[in-house]
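What follows is a pair of complexes built around chain A, which joins chain B in one and chain C in the other.
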Partner chain A sequence: MTKNHFTNDTNWQITNAEFMESGHMACPGCGASLSMRHVLKVLGPETIVVMPACCWAIIAGGQPTTALATPLLHTPFAVAAAAASGVRQALTAQKKENIQVLAWAGDGGTFDIGLQGISGAAERHEDMIYICYDNEAYMNTGIQQSSATPHGAWTTTTPGGKDFKYAKKDILAIIKAHDPGYLASATIAYPEDFYAKIEKAKAARGFRFIHLLAACPSGWKIDSQNSLEVTRLAVESGVFPLLELNDSGNIEKTYEPENPISVKDYLAAQGRFRKVSEKETELWQSEIDRNSSRNTS
Partner chain B sequence: MEKSAILLGSEAIAHGVKLCRPQVISAYPITPQTHIIETLSEMVDRGELESQYIKVESEMSAIAAVLGSVSAGSRSFTASSSQGLAMMHELLHWYAGARLPLVLVNANRALGAPWNIWSDQSDSFSQRDTGWLQIYCETSQEALDTIIMAYKASEQLMLPIMVMIDGFILSHTMERLMIPAQEMVDDFLPPYKAPYQLDPGNPLTFGGAAQPDLFYELKKAYSATMQEALGLIDQVQTEFARKFERHYSAVMHCQEGDKNSDTAIICCGAMTGTARVAVENLSQTEIAVDLFKLRLLRPFPTTDLAAALKGKKRVIVLNRACSYGVGGTLSQEIRTALYHLPDRPIINDVMISLGGKEVFPETISDIIKNREQLSETECNWL
Partner chain C sequence: MNNLKYISAIRNGDFTGLPIAGSSTAVNMTGNWKFFRPLLKPKKAPCFEACPLHIGISDYIKEFAAGNHLAALEILRLSNPMPAITGRVCPNFCQSACNRTDFDEALQIGNLERALGDFGLDHPHPGNDKDENKTAAIIGSGPAGLAAAIFLTRAGVKVTIFEQNTAPGGLLRYGIPAYRLPRPILDQEIDNIIESYKIELKCNHRIESAQLKKLTAEYDVLIAAPGLSRSSIPAQWPDIPKIKGALDLLAAISRNETIPGQNFVIIGGGNAALDTARSLKRLGKTVKIIYRRTRAEMPAYPDEIMEALEEGLQIQEEVVVAKVAGTGDALNLDLHHSRKDGKQITAGDFLETITCDFLIAATGQESGTDFKDYSPELLPAGDFAHGAASVAEALASGRKAAESALEKFGLLADYPVSNQTTEESAPITCTQLHLNYYVKKPAGKTPQLEAAARNKNFSEVNLSLTLDQLADEAERCFHCGSCTTCGICWFFCPDVAIAINHDSHEAESPILFDYDHCKGCGQCAEVCPRGVIEMEEDL
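And then the complex of A and B:
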């Protein structure tokens, strides 16, 4: 079943309110900075952001500046979910239930070093929105592979391309196992779908998790002006499907490309996949076809 | 009014914490600290203590959760021990740098390998440089009282305080003690009012990157506050004594020895109790020594200690933690504090116990009797 968030309503528009200010430190074409801007447009000013080490720890700006118009707590790498739990429990103690707590972390802080704390927070059904902006490697430290790096991708620690034995970790399946309050994948390259999901997360309670694909021009070896275009190719090829946990407890697609492209076209658009062989490309394509025919998981 | 009770050390601590009304408690179980958080969860469960209790999945998350809750303006509590405290290490630095108040109780226990769950001060001594204040307690009464004083000092200084009890020796031993009345504690310790907190009404960023010059200035200010803490801790202890009639200081002269005694022994924690007996027994013989306990390890009370030990020819330091390749960690601290004295005493560095190795009064009195044989330069292992 395809549940389409896309609208024909020509009056649909994005609010002019901004909670991410100019003067941030992001690179041109950064998917993570654009994602934050739009997430905060939905969540609004009654939001507290908790952020571990990640690109955004720099993007937000050093003292005495800040790019966020919401409160922001920086934390060490592994503990965004635990620190956000503490913020939430303090707000509960102070009877400030209406404030949203947003844990905002990269793929390293989510898929790797922070996973234990996320599992703890999810198991406790801590009332927060955890968003992972996934640029598919440790980009802030200079492009090292994480467990979110797709196989075949060049990074500084996978100079020959990440071995095809090691698939990208299925983070949605891991979080799903914790019975979350809301669960989805999205990207700002599809803003209507993105907005619908952030709004649903905002309306839900408990531990809510959103996996965002966020292009990194320097790490993906693409031109910065192509950042959104390449992200769209990830979705159109089925490499990064737009998903959501439905009411019957299944993860289903919220968008089905009308004319899917091949994974080959997605890989060809990026320098990081230059070393992927034809055989590996075929292998990847068959993985996608298999998942796609299954549709839900 | 105060009421008298017979409690396990860990229960006494839980009562001390309850009297301070933390809004958030976050903890992970580890022997021998576990009874503290068990008792607190029973208090919360029974509705005697109104607190959000977060049962986290690791000590790293325990300290991270209170980083969040105190940043959001709520008084909080956590406790740990040994491997757990070591696991917090990164966050202990971060927490102090964040200039947030907190009281953490650590039940001193050895670090592996090999596994050993018994009393040993290596866990907290190896956190000396994290920027936390550290207070070592001799009795459960002292620990209960110290928690109340620590919250007050911590919130005035905006610095976190670690309160130490010896694992098992205090945590698992029953003691008759006084539980202060809630109204008196409320009067002594008003609710926490954060000068800054996570608040959408006044959106601020906490912990953002600082360039080298700013970082240096922040740390310089931190160091200055640590020095001010010496005076403030004194002041809080005086105020506590006035209200609750129990007296504490950074360095405590535990037993009057012979007025002419030129030998002192010094230790910290529950071993002081054993040393009291040893010194008392020795006073029946010809040997007189002065016993001191060091309550405050950070900030280090250099002036107080130098004044207390002035005129002594020999200071025997009883260590429960080792800095391997140097010797007893406490001995290094005492040496540094006494170095500037014109007539420096001999320092005998004694490694009296690690990993719960039993210390009897005779263990201490034998060391004192044989003091002439102790090395003045090397660490003395038994």
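And then the complex of A and C:
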């Protein structure tokens, strides 16, 4: 264990052990690969990862290689939660309750095609951690919009920017309605918050869900070196608040920016929002001001 | 049927041909994808650059923060041999340049230096047993003369200092008052130096210019650091005992002499004016400073002006003394408003006539020698060489003189003394740092004696903080431009292509980039708080 020197106030520990290896197939600056690296540092080797079709299915490496030091089960696009439920049942039958099952899927596999399976697993309180790494489009197949794509964003299927009449699906509210064991949003740009949440999810039982914002340099039209900074701006602008379901059943913020920035500054940092008009920007800003505990990105 | 084949293969441990991945992606040389590669490029910190002595500030603070106070002291003393003194009296050029100022508040480098200096008072300097068979004579035991002596003896040169006064220290002893530099501290620091380096110190030895020839013959090198220890008295003032130079008065106060008179008027706006005024106040005298410009334009250190005002000192601004007339016991001074004549200040309209017992000139310093005419024979150092400046600059100048002497002796290669980097690059600025992962923290300021208690005696105004009390302050240093192995780059590398070498020795790099797998995304360069990583085109 090494001491964390990020801020001298905290003494959270980060292990030197790596459960995700170099040579994976993620693009330079991929937020999803960095997120996986740290999720596995927290969950440790006693984890089975279940993954549907998504960028990560490619990132993990082609046969016969794998980027993960843990077992990884590839599944069809729609069924991550269902397959993870099956793995959980198999482990329970073998009395291997200590092994964590991690369903790891993109926004397409979560907000859209995988939603029914997630709802079923959540309803049954299946003992798993479901993490959606949200890069805000179907990136693996060439940047098509999903219901997690924020309005205004360019994708190949929304060449003029996604229409403002479609709001980003409120995934936390959907999962919350299932009475989950743990529920939060996070990003690796806020490492302490991120680690704390993965730790809590690990310690809890039942169906646990974490929504991670993960920058995609090519899909967001940003330079690879800026991927963390843009993710940070998403939080600082209130577009992606860091949230958690508290004990009294309310979703609350775990981080409050000291000097919040405007949504305009967040949009300006990315090529995908180039066509957002001034009026739309104002509309977005007012959405944030009205409901500061909802992810609009 | 196929399924059965798989089951028997797995039972035999033979995975070939099965859709199960058994080897690591590390075999993929993803490093081939990159257009840019990260490189570790340490840079100069602004504090280092601003310090006349170019102290390795960030380096010693690293040791300080790690609790290695002795190691910190050793690094500090390499470039600054009297930190207990400079830690008290230096205006902290370093601190004014500190990048942390733009984030919350400057690092209190002076306090760290002072605490280490005090810690060093009973730690001898590493002595030197080498003898290079060279001798040096040094005139003056102020900071410049002492620094020259230290850096020469470190190189095995035998040194003799000639000092006209009864005790060493120059203006440290006879200029700077005890409430800013307590004499026990001064004595311990200088004694420690004289003993550790086996310097021959001959006090009560004034060197006249006629002796310079003889000294150059007797010694291999002659360094002159006689300072500027006289106050110049404006030529138009009458030559009477009621008019004194500030430095004479400060020297008398330092010697605990009785100071006659009650009412003092001091002319000037520098440290000498304020130190004289504050000292006289402590002796129960009535004091007024008259300065021809505004308070903001006073050359004295801002902290000292503030402290003086707290102590109730009167400063009359934009006024000049146009005429001085002696009437028996008292002096009559005609005060006029200042009038700006371009850069010159002249007497404008009449303001008032005031009386006082003594008029003190603190308007400039001059040399008490005529050595300037003999410059070819000697190496000049300190205030004498560069004009009235500061202790740190005097130390740097003394070190420079030692360097010239060593060069002459052909010893410089063996005993490098200067800490000046050869590269001309500008120091790293706050905008080149990445401070998103830092928290603001109040600075560890020195507690001060309350103003009411100060005027009664010469007790030190700035109180000490212990090494332990300053542990948090040491942690505040950003270590601009220098890797601390904090690991932030390692943390944020999506390709697991950075290793931190926590126990790196000087020669090895603290950061190891795995260029076989680094895709050149550049995030490490973007997050490094200290701006040490740069991306370079990968050809």
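By our rule, the second predicted complex is superposed on the first by the 280 of 297 C-alpha atoms of A that agree within 3 Å, B and C clash if a C-alpha of one lies under 4 Å from a C-alpha of the other, contacts with A are read in each partner's own complex, and residues count from 1 in each chain.
In the analysis below, contacts are C-beta pairs under 8 Å (C-beta built on N, C-alpha and C of every residue); 3 or more make two chains touch, one makes a residue touch a chain.
Small disclaimer: the values here were computed from a predicted structure and weren't measured.
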| When the two structures are overlaid on chain A, which partner does A:14 contact: first (chain B), second (chain C), both, or neither? | second
| said: Going by the contact rule set out at the top, does A:249 touch chain B (first), chain C (second), both, or neither? | reply: neither
| query | Of the partners chain B and chain C, which touch A:30 in the superposed model: first, second, both, neither? | reply | second
| said: Is A:84 touching anything from chain B or chain C once the two structures are fitted on A? First, second, both or neither. | reply: first
| message | Touch test for A:191: chain B only (first), chain C only (second), both, or neither? | response | second
| said: Applying the document's definition of touch, where does A:92 land relative to chain B and chain C: first, second, both, or neither? | reply: first
| message | For A:160 in the superposed arrangement: first (chain B), second (chain C), both or neither? | response | neither
| request: Please indicate which partner A:22 is in contact with in the superposed arrangement: first for chain B, second for chain C, both, or neither. | output: second
| request: Using the superposition on chain A described above, determine whether A:227 touches chain B (first), chain C (second), both, or neither. | output: second
| query | Which residues would you name on chain A as touching chain B in one complex and chain C in the other? | reply | 60-61, 63, 65-66, 72
| For the complex, which residues does chain B have touching chain A? | 23-24, 26, 51-52, 54-58, 60-62, 64-74, 76, 90-91, 94, 198-200, 202-211, 214
| task | Could you please specify the touching residues of chain A with respect to chain B in the complex? | result | 45-48, 50, 57-58, 60-63, 65-66, 68-76, 78-79, 81-94, 99, 116-117, 119-120, 123-124
| query | Residues of chain A touching chain C in their complex? | reply | 2, 4-9, 14, 18, 20-31, 33-34, 37, 60-61, 63-67, 72, 188, 191, 217, 223-229, 232
| task | Going by the contact rule at the top, pick out the chain C residues touching chain A in the complex. | result | 19-30, 33-34, 436-439, 472, 475, 484, 486-488, 491-497, 502, 514, 516-517, 519-523, 525-527, 535
